[in-house]
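Order as written gives the chain letters A, B and C; numbering starts at 1 within each chain.
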Amino acid sequence: MSETFDIHFLIQTFFVALSGVPTALIVTIVSLIVALPLGFLLALTRINRIPVLQWFSQVYVSFIRGTPVIVQIFIVYSSVPLFLTSLFKFYHVSVDVYKINPIWYAFIVFGLNSTALMIEVFRSAISTVSKGQLEAAYSVGLTNLQAFRRIIIPQTLVVALPNICTVTINLIKATSLGYAMSLQEITLKAKVAANANYNYVEAYIDIFLVYLMLCSLVEYLFKRYEKHLRKYKTVAA
Amino acid sequence: MLEIKDVHKSFGKNEILKGVSLKIDKGDVVVILGPSGSGKTTLLRIINFLERADKGHAIFDDTDVNLKTASKKQIHRIRQKVAFIFQNYNLFHNKTALENVTEGLIIGRKVPKKEAVEMGKNALDKVGLSEKYHAYPSELSGGQQQRVGIARAVALNPDIILFDEPTSALDPEWVGEVLNVMKTIAKEGTTMLVVTHEMSFAKDVANKVIFMDGGVIVEEGTPKGIFTNPKEDRTRQFLRRVLPEDYMVYI
Amino acid sequence: MEKYFDVKYLWGSFPMLLPYLQVTFVVAGLSVLFGTILGLIIAAMKLGKSKVAQKIANGYITALRCTPSIVLLFLVYYGIPAIVEIFGVSMDTVDKIVFVVITFTLQFGAAMAEVIRSAYESIDHGQFEAAVSVGLSPFQAYRRIIFPQAFVVALPNFGNSFLELIKEGSLAYTIGLIDVMGKASLVIASRINAHALETYIALSIMYWVISIVIEQLFLQLEKLFSKGKQVIKPA
């Protein structure tokens, strides 16, 4: 551990940590793009009790929620290459699986992880939108798809928004585990910078500050959007 | 027995009570009428220290208590003598009907458990709930819950019971049974101070009616006097609004 | 490099890992104990009248909600000795588990503060009024009427936070604590990184089973405590 607190290093490394933000955000956004529609659909399979699929999503949610993210990362990180190697060998693709950018693994892990969380979010949100809404939509001649797109989904989103915010925040935080896949995000970048002189205290203060800013900002944006939705779309929560 | 002197209370800039005084004798059944927002409920809550007055006194059997600065001990002593019936019953959700009644006896009054259970059962019998000793509030209708609320108050054998709109949260079908219970305990000589919109109760049971409006007592008198011959304009207007057309004649 | 999947290593991992569950549970148990106390204090600050205390409590909760466990863990692991050192005290001999418990106490405390606050606020104030009106002291009212109801409301969220704690606790291996996760890393290292997948799957199954057991346990507790006692929902 370094002998004295290095302010200069603290400031310098803050920007190093900051440079990891885009990676963290890309992983978060891609995961959400995968998880939102997939989570919604799988939530529907549970609500409508679609055989096999509902059973699958139940086990899937249970496993993801029941195991640490870090273990999920290690499982994906050690199984996907095995799988790809044999696949590539079979099709004679000459790509070295060990040179794949780790961000792809991050997409897989965090996409799978947040899909499971979204299933739960939407499951409870959809159940709060009353059945009468769907019946009313049918009664005025909307098709199933129209009813969902125009009536059910907008209402569900408003109800689900606070929980989607929580999932997003947790997702951003979870990207800090990307170090296990050598993902160049906030934590790893700052930590590497600290390795030279053992300025770990300073580095972790920087990392802490970056996450604090990032999460506060995301929370603020969600709150504003929620307000906006509640204002312009009259929805009973 | 209970005298209230010059009670003032504001919430922010809103002056709810502007100097209210009243006197209740033993065995009185006093009904307070008045439009909503006139300060009736606040007055009741102040007497039981659920709200602190900005100014005012309560004289209870010759002990004078400052309604603004009363000590914990004084408050406790007054609450021992005064029971309260809430508009939305406020039964303890985590206790059965019987436990609701005995809670105050055992914990507040230190009555031995066996004795308290006996008293509790008697109180519930009196309000017609002998079958419901062990039911939880969630298993009772609104009318039954409010009757437990009354039993809970009666069991404490208080000097006076304050009723804060006891029937206004009830579905119409349950109002009658609660009013009947109130009539019964009134006939037994219980001193009662009742805020209600039930004119029939005021007419049939009360021996004194107070009309409040805008934080002051506008008029008080016997039910007959108030209903048939109100002296103040405001009282007349209020009664015309709340009573059926032919009610005056009917009295 | 020979890499293939062998179930033998999966089963073989269990006897090696299981004894270390003890460490995992000790960390979780101590963190729950101290974290709940901390949560009570912060919730009290948030519900109290002092504006300064409210600000501090809110700031604390926000900061901890925004900090990844691993970052908090290292902040504690490196930061506390650095601060203590200023006063001339060395923490070199302090066991790693202490830092882990401090970390998760801080985190669990923040989560519990919110759980306790929302449970408390879900109880209608009329319950308190009714209690004092039948002659209970304010303390008795809290102990006998408010707390038992708030407890039932808080139970599911408490269970969730507890599960979260057990899972996040797995990160303690990064500072070298040997719990189930730490042992798994050692086992993998001893096999020169071969058959890592089997070990991790074994590990995930262990966590999964623990989670399901805890979940069911809390469901049963909820049933037990709310038996016939429909909570909240003022008539």
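Observations, loosely collected:
One rule holds for everything that comes next: a contact is a pair of C-beta atoms (placed from the backbone, for glycine too) under 8 Å apart; a residue touches a chain by one contact, two chains touch by 3 or more.
Keep in mind the model is a prediction, meaning the values are calculated, not measured.
Both chain B and chain C are touched by no common chain. Taking the mean of all protein C-alpha atoms as the reference point, the chain centroid lying nearest to it belongs to C. Ranked by how far their CA centres sit from the centre of chain A, the chains are topped by B. A straight line joining the Cα centres of chain B and chain C is 47 Å long. Chain A and chain C have Cα centroids lying 22 Å from one another.
A straight line joining the Cα centres of chain A and chain B is 56 Å long.
Across the complex, chain C meets chain A through its residues 3-5, 62-63, 65-72, 74-75, 78-79, 81-82, 163, 167-168, 170-171, 181, 196-197, 200-201, 203-204, 207-208, 210-212, 215.
Remark: chain A residues 1, 5, 62-63, 65-72, 74-75, 78-79, 82, 85, 169, 173-174, 176-177, 187, 200-201, 204-205, 207-208, 211-212, 214-216 touch chain C in the complex. If you check the complex, the residues on chain B that touch chain C are 48-50, 76, 79-80, 82-84, 86, 88-95, 103-104, 107-109, 136-139, 142, 145, 152-153, 156, 169. Residues 124, 126-127, 129-137, 140, 144-145, 148-149, 152, 228-235 of chain C are the ones touching chain B in the complex.
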